[in-house]
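Got a structure for you, written out below as structure tokens; questions coming shortly.
Every chain is named by a letter (A, B, C, D and E) in the order it is written, and numbering of its residues begins at 1.
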Amino acid sequence: GSTSNSNSSSDSSSDGLTTPGTFAVGFDQDFPPYGYVGDDGSFTGFDLELAVEVCNRRGWTIKYVPIDWDAKDMELDSGAIDCIWNGFTINGREDDYTWTEPYMDNSQVVVVKSTSGIESLADLKGKIVMTQADSAALTLLQGDQADLAATFSSLETIPEYDTAFMELEQGSVDAVAIDLPVANYEISESPDAYTILSEHLSEEQYGVGFKLGNTTLRDEVQTTLVEMSEDGFVKSLCEKYADQGISYEQFLLGK
Amino acid sequence: MTTQTMLSMLGQGMLVSLQIFFWTLVGSLPLGMLVAFGRLSRFKPLTWLVRAYISIMRGTPLMLQLFVVYFGPYYLLGLETGSNYRFTATLIAFILNYAAYFAEIYRSGIESIPHGQREAANVLGYSRSQTFIKIILPQVIKRVTPAITNEVITLVKDTSLAFAIGVTEMFTQAKAIAASQHSMEAFVLAAAFYYVFNAIVAFAMERIEKRMAYYHE
Amino acid sequence: MSENAPAGTPQPTSAASAGRAATGTDVPVLQIAGAVKSFGGTEVLHGIDLTVNRGEVVGIIGPSGSGKSTILRCATLLERLDRGSLCYDGDYLATAGQDGTSSYRDAKTLRAARSKFGLVFQNFNLFPHYTVWKNITDAPLHVQGRDRDEVERVAQDLIRKMGLDGRERAVPCELSGGQQQRVSIARALALNPHILFFDEPTSALDPELTGEILKVIRDLAAEHMTMVIVTHEMAFARDVADRIAFMDGGVIVEEGDARQVVDNPRRERTKTFLGKFTDGA
Amino acid sequence: MTTQTMLSMLGQGMLVSLQIFFWTLVGSLPLGMLVAFGRLSRFKPLTWLVRAYISIMRGTPLMLQLFVVYFGPYYLLGLETGSNYRFTATLIAFILNYAAYFAEIYRSGIESIPHGQREAANVLGYSRSQTFIKIILPQVIKRVTPAITNEVITLVKDTSLAFAIGVTEMFTQAKAIAASQHSMEAFVLAAAFYYVFNAIVAFAMERIEKRMAYYHE
Amino acid sequence: MSENAPAGTPQPTSAASAGRAATGTDVPVLQIAGAVKSFGGTEVLHGIDLTVNRGEVVGIIGPSGSGKSTILRCATLLERLDRGSLCYDGDYLATAGQDGTSSYRDAKTLRAARSKFGLVFQNFNLFPHYTVWKNITDAPLHVQGRDRDEVERVAQDLIRKMGLDGRERAVPCELSGGQQQRVSIARALALNPHILFFDEPTSALDPELTGEILKVIRDLAAEHMTMVIVTHEMAFARDVADRIAFMDGGVIVEEGDARQVVDNPRRERTKTFLGKFTDGA
């Protein structure tokens, strides 16, 4: 790997880091497989591992900052975190953050119980659909897909996807609208019980979100990401997370 | 989003908060009295049971109690509850939780009434139920009102916990707006709502206290 | 006060006399025999015999802790005797078995018997949330289920008699100690009891009020109300009581004509007690 | 995840919860007394100020207060606070919030001491400060302990609110584990932790109450 | 009690006599002149003159609400006079200006003056969290800053004198009313006051205890302790007091030799009051 840029950290202000040499990554720790608590009790996840590698290459120290999703904008604006990097959907938030180029394709999908008989988005008519509060899926269903949402019996929100799946299991909701990789992760324990509708709600992209105007830092991270993809680091990371629903085909940078 | 839309969203949430608030009180104020009776009963096993109930309700987070009530029937008993159960579960958990707090307040109130009151009623021939309803209860109510007020004010804020099982009350609405608008405005409005709601509750309780202030001791 | 208390035959005592006619004049109103009472293993009454005849006023005197309150509490069913018997108007509420152990009648009978006696507590125990009017009328209406008009007439009479006119709508905390005392007497009298018990009726009052309340009790005595009065006012006890019982350490040490007991006590203990008293004040 | 890992994670969270708990008490118990003095002061403007403070602290959600304390310096004053401020902010918000509750408890306690106690001290020549420290305060402490206990037990559970500004205390850890492990086990453990913690607090407070029970009235 | 209270010259009063020597025997211990006091617009004292000489015992009697407690409270600086003057041992604490308005000395002087007098409250006001020992010794040690050995000796003497031996480690709630009363007297005496005020020392006690406490006061009188006693016990007032002031409606209606006032009151109002009293008990 190339760590030739590490000297740039000596001039901290040009990095755009709040605390020189420390890269504070804000993320939702309840959002596997992108950021979560691993079996060993420490933070892990696809996005966090990418962030760690970026730090390695830039000579920064990574700082994991699990945040309350409600406070993410305040955390970023106030400089408590340097970026939000956590399966963070660009679409619908284009103007709110300074984004890297999209690094990953994502789909918003609908998960139903296999026995439910629901096979298409049209079948969701009259059904109860649940999604996470302040999630990309919710933004979508209140925006571009509002017409579809209007056919639902109701659209519910809940703080954690985890709980949403409990609701789905016990039958109090009929479907969960969710990011594809998260859906894969959630159903990985009993894949036969659930079906991801082949018809997706949308195709969208993840990016790393920085405070508006912080292009310096964005550029550094983006350059490093491209490097990491080019030298194969990303590919092997994708393979590591393959059983949790991530494939290198979705990765967009440096190909 | 216009301020009007925001207010109307918050208003909807407020309505849910108010419903939780109202039904919780309607359910837990009387239930708490029954629990207090159990706590004061001379039948020891009942007393222990009630003590355990009170200690669990007060010793564990209401959020977990919401989970247990909402998901328990399916995960523990295999029952399908249907989606209407969401609000019902909220009310059940809130009522059970608050009944425990109220029970302890009632109990201390009942215990604080001088024994002479019961004796006087006894000598005058009042039955046990007459003594309780006519003599003891009104005095208990007067004494416990300040403590009840405290709990009621806590309840106003606790309604926001209902979102743990997906009930979108006011604070959740405020959070949703704040997130989509990238502004604290909704939070500030929510705080103002709470503050006003609390002020109204405090005012109402003060009126009730004043009402009962026609006598003292 | 005195202007408001005519010496005629007012409501409550007339009802008492009706009771008297029904049960015959020979039967004592109250008969306690062999009363023994323990609290948590400590025997507090060691076998008390006390008979109170109709129209009689009995004073109970004695040092603190001698069991005066306890005997009143047993008589008014606030405490149960361990041994001995308790009998009102010839009806036994508690009988003593072979071994002396008391056995009480059923709850219903006991409840009904409560209308036979009234108790005026040392600290009144008025219901603080009830007005004077309600304190007096509530039990006659809702315990005895008597006719509202009749109860109101009786209450009106009692209020006049007790010098409480104009205070009907007041609650106890708005009354002076003396007024509270009189309300509590009126409350007891409103049930038309055959006998009235007083536990230190003057101990919570200042001397001027004491004078007033003693006047009320004297008036009741003049109307032949049967009464048992625990008191510290020796002068008063001698004056109003027909008979005095001096208690000490859970027994009645001396009993007899009021003037005799106070002025010429026979027992050494009584002498000491009264000596201390007259010496002190 | 092994149970051991889970327990150790929860243990770390517990440590954070305990720190919040401990420092909040250390800060708010004395601060509450100062606030109570302000509330009882004869200098009216101070009284109003303190009343407003108490009413805002009790009338708005602690979560919002956390936001204001943590993000306020940046949004209102343009200060960069640095990330060490996270825990400090939590403590500031908790202390300010709890001081308001404790102040009201102290106030009612101080007001409940019979005036005769001050008068007796006055006639004996005690100075104002001697009177307060030697005569009034010990009696106030005895009287308010039960009410303080209630608040302290509420505090145990309130520590979970600290995550609003990203402090991962125990309950947050439990949620994180539940999310990654698809199981409620962590929640149940968390509930047990709370329950035990509460039981310890209740026990400790009872000991304190017993200590002071050498006299009554 | 009586065994424990030798009639000698024990600690506290000897200190009082030391005070006497210092200020000269002619100066009255307490001089109140033209005392006027209002509460919220209602005048409660209408111009009271009261002089108490060294070694004298003054009784204040009168009906409830006549201002007896108020004058004691003004004398002990618990209330401030609106008009009139207040003077201990010839030192003015409050002087009356041209228009009669009282002006008080500075806080420090007033604080220091508090050691001149002691007050025994009607309801004792003992410090419930302090033991008997601490109730008695705390103020001498930490207010007067006296030597610990000396204070402990004084306290020991007082405890014996008051019949409290063995109760040093008890807290007030473990004591009977009479014992509490005696602790509160000991607490006041421990400061070596020149004058002791009592507000109805017997009203919270039962008659036997009343006897005991009156004995204590009589003993103090025998030791020439200067005292002002508000009381309802006429017999006692007559017996122990050198002089009695009868108050009614905020003025001293009659003042004079104790026996004369009680046995042959001159004023009509005094006669009525005493008549009512002797009539009552």
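Observations on the structure shown:
Operating definition for what follows: a residue touches a chain if its C-beta (ideal position, glycine included) is under 8 Å from a C-beta of that chain, and two chains touch if they have at least 3 such contacts.
Note that the coordinates shown come from a computational prediction; the quantities given were computed from them, not determined experimentally.
Chains that count as touching both chain B and chain C, per the definition above, do not exist in this structure. Counted as hops between touching chains, the shortest connection from chain A to chain B is 1. By the count of C-beta pairs in contact, the leading chain pair is A-D.
When chain centres are set by their Cα atoms, the one at the greatest distance from chain C is A. We define each chain's centre as the mean of its Cα atoms; on that basis chain C and chain E are separated by 38 Å. Note: centroid distance chain A to chain E, computed from Cα atoms, is 83 Å.
Between chain B and chain E, the centres computed from C-alpha atoms are 54 Å apart. Each of the following residues of chain D touches two or more other chains: 67, 75. In chain E, no residue touches two or more other chains.
Residues of chain A found to touch two or more other chains are 70, 74. Interface residues of chain D facing chain E in the complex, by the touch rule stated above, are 114, 116-117, 119-127, 130, 134-135, 138-139, 142, 214-217.
If you check the complex, the residues on chain A that touch chain B are 69-70, 72-74, 96, 128, 130, 133-134, 139, 154, 156-159, 163-164, 166-167, 169-173. Interface residues of chain D, counted against chain A in their complex, comprise 1-2, 5-6, 8-9, 67, 70-71, 74-75, 80-83, 85-86, 163-166, 168, 172-173, 175-180, 182. Those residues of chain B that touch chain D in the complex are listed here as 55-56, 58-64, 67, 71, 75, 153-154, 157, 160, 171, 184, 187, 190-191, 194-195, 198-199.
In the complex of the two chains, the chain E residues touching chain D come out as 76-78, 111, 114-115, 117-119, 121, 123, 125-129, 138-139, 142-144, 171-174, 187-188, 191.
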